[in-house]
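Okay, got some structures for you below.
In the two complexes that follow, chain A is the common piece, with chain B as its partner first and chain C second.
This part shows the complex of A and B:
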């Protein structure tokens, strides 16, 4: 019984272990210099050093704070506007062409303007993240509302629902079905935009940390930053988005477990 | 409420019903010049070939569609849109996937502002009436098709409508479940005294369930015949109904009427 429970974890760990082995063995075999690809030991030593002086945690917290704030602001705008577009023909006619135009240049294309408007720092970075989260989830919300079966509206109307009841019991949950599935991909976009924005407009954060390290040929810091980004994403995906899915769309039978 | 016994529960007067969808550029006439009356506590079944507009007629009584001409009234009052006095049971159940069975059944009561404790009590009574007492904590997707339809009937009845409109409710369940649901529906109808307007394409189902069976011709649907089902309820046993000569005669007659128009 115990092996059965462990199996998915073992399977998940195997490719990581494989890469770690290749990373340890290949550079010395092919004599790649350490400034191009430092060994795992060097990166590990760097991790201990930066954890010890607290700077790594500082960078991580700053990045997560920006991501969270951008995520909240982006969604607070995307969900109500998306619902309005989904339910109202006029709102859709009025807003969709403009928003589609803006969608093509969402995200890091805004970094230059954001820096001009907000200066180097939090404002510009959060603006870029909120921007990309907004466009990603705006369309998820619209699709969510549009894919609510007509029978649900008819059913609640025949049970005496008011317009507000319909919004609360049909439209918002219906939109969230698509949103929850979309949260993960939007957050992945946001995460990438964050690192990109910090490379250009940051003086702190994980993106800034890696770029700053390049100037001093501290390649181990660059790789450490990339690994941390991946690890944080893995943890968020498993413990935030998976959990949210399990509590909602999987529970409702809209997404099926394998 | 004082209900005038003489007044028909539903009266459809010379109604024509059209609908538009992406298949038709112009509004498509589904039902033409239909006149009928359904009395209180009657069980009326509508049969007809597919596309005869029987579901459009039901949708118009529910208030989802507005008739182009003529009028549709409930208790003598013009119907203007959907309302809680006319509960609807859909072929595909239309239970909200994000609510438990108990919360789905209590939904109409919630819209009326009833407290959680009160509506749970009423919802449980109706779940028991529909044979679903053990399923209240489940979500719709965890139920079989037959159980989902029981939940949908419980949801409609918990809201105490005057009329229950049923749009081919048993078309998607297997034959065995279907027979059980038909028997249960008659039992529930007799216990609640709700007026039932039931749409089906099955002639056997229509005769087993109905006080009267209305046959619609194919599109645009017009009333072809109104057949009284003069078999006593106590003689309508599904296991022996097939060999009842009166049932056979009615089945042959109604089948002939329906088939004359089938494309």
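This part shows the complex of A and C:
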């Protein structure tokens, strides 16, 4: 039985191992210089070195801190405004076209202005992340609220509910599933924007670490950074957001498995 | 139960009011922005007013810079998305011919897909230098991976009964590919393409910011670097309009003509998550 369970993992590991072997063998065979493609050993040594002096952890933590703060600020704005737009037709008529336009600019294009207004570093980067997370989850919230059947409102209203009661018993629970989905996808957009923003406006962080290494031709740091970016996202997505989704959405049987 | 259809003119009137409200919303922003800029007395370099932005726009139109930048960006985008789709579809079909191969490669593709486009940019700069090669390579990556990822996932979820049904009717391998697998993964290709086209647009902007000397992305970042903030905002507005046009005039109709016509509900929102 145990071997059966292991099989998919072994299968999945095969191409990774294949790439690792190719990556080790090919550059020396084709005599690619190390600054173009450093060997896995070099990247590994770099990983040990940067872990040892603590700078790698520092960059990772700074990046995660910015992402978390941008996520909180963006969603604290997106959820209330999204609910307002979803509930009130006038608000939706006035604001949606404007927000649709602003959404199409959202993201890294704000970096120059953000740097000008908040200075290079944390302020500018968090502004950009919050901006993109806001627009990503705003629409989710609007859709979530709009998809609540009108009958629920009427049922609660006929029982004499106040506006606050409606918010508490109809809107928030009704839109909750969509909110969770929105949190997850807005985090994905935020993560993309974070690395981009750090490339340009960072003095620390994973994105900064990789582009800064280009200037010194420390390609092993660049590749290490890429691997870490991939791993962090997979870990975050799998263990944080997919767990959250299973705990909430799937358990209530609202979202269907693919 | 009879359905009360509103009269046509009523519908038009409703739409007109809605559009007017939307325009009012945008107008209010611009007026507030203009008033804010003139009242606050902050230097136009720090906070340019709409009038400054308009002047910068006219200046650049007059000098012909804007046209060149716009065409450069569009050219890179179209070529990148086209090549990326070719690569994506080709590799996807080669890898995804059957479920076993799809299962083996799906995690690897998932991992590469998790390395966001901006993280690829530095290594492309090292390999290809600053310029068009780096930009196009990035766009190809950004477009090809979601297609590949979605197709591999699509093949894995393709009901095996379809293959069995075709086989029991005596279909050859080629026929199974053409009649079962290919139609089965077409929606995945379209979904992946939609996601990739969206990411590619953002990818283009950041690639131009770092590796180009022309284009809308370059304009946005170069303007700010030269204290011409009004030019930056011109670039941002053009970027927004350009994306709206691409999205509304090309991508949505494309989606409607394909997956929605085939009666498959898109889950782009959920798939975009990965």
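Note that the second predicted complex is superposed on the first by the 228 of 258 C-alpha atoms of A that agree within 3 Å, B and C clash if a C-alpha of one lies under 4 Å from a C-alpha of the other, contacts with A are read in each partner's own complex, and residues count from 1 in each chain.
The rule is short, and it goes like this: a residue touches a chain if its C-beta (ideal position, glycine included) is under 8 Å from a C-beta of that chain, and two chains touch if they have at least 3 such contacts.
Computed from a prediction, not measured in an experiment: that's the story for all the values here.
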item: First (chain B), second (chain C), both or neither touched by A:111; value: second
item: Contacts of A:50 with chain B and chain C, given as first, second, both or neither; value: neither
item: Most chain A residues touched (candidates chain B, chain C); value: C
item: First, second, both or neither for A:67, with chain B first and chain C second; value: neither
item: Contacts of A:222 with chain B and chain C, given as first, second, both or neither; value: second
item: Touched partner set for A:169, first chain B, second chain C, both or neither; value: first
item: Touched partner set for A:157, first chain B, second chain C, both or neither; value: first
item: Touching both chain C and chain B, counted on chain A across the two superposed complexes; value: none
item: Residues of chain B touching chain A in the complex; value: 62-64, 81-84, 86-88, 90, 92, 94-99, 107-108, 111-112, 139-142, 155-156, 159, 161, 165
item: Interface residues, chain C side, partner chain A - complex; value: 17-18, 21-26, 29, 46, 100, 103-108, 110-112, 114-123, 125-127, 153, 157, 199, 202, 205-206, 209-210, 217, 220-221, 223-225, 229, 232-233, 235-237, 239-241, 243-244, 247, 267, 269-270, 272-274
item: Complex contacts: residues of chain A adjacent to chain C; value: 8, 11-12, 14-16, 19, 35-36, 90, 93-98, 100-102, 104-105, 107-113, 115-117, 140, 181, 184-185, 188, 191-192, 195-196, 199-200, 206-207, 210-211, 213-214, 217, 219, 222-223, 225-227, 229-231, 233-234, 237, 241, 258
item: Sites on chain A touched by chain B in the complex; value: 149, 151-152, 154-162, 165, 169-170, 173, 177, 248, 251-254
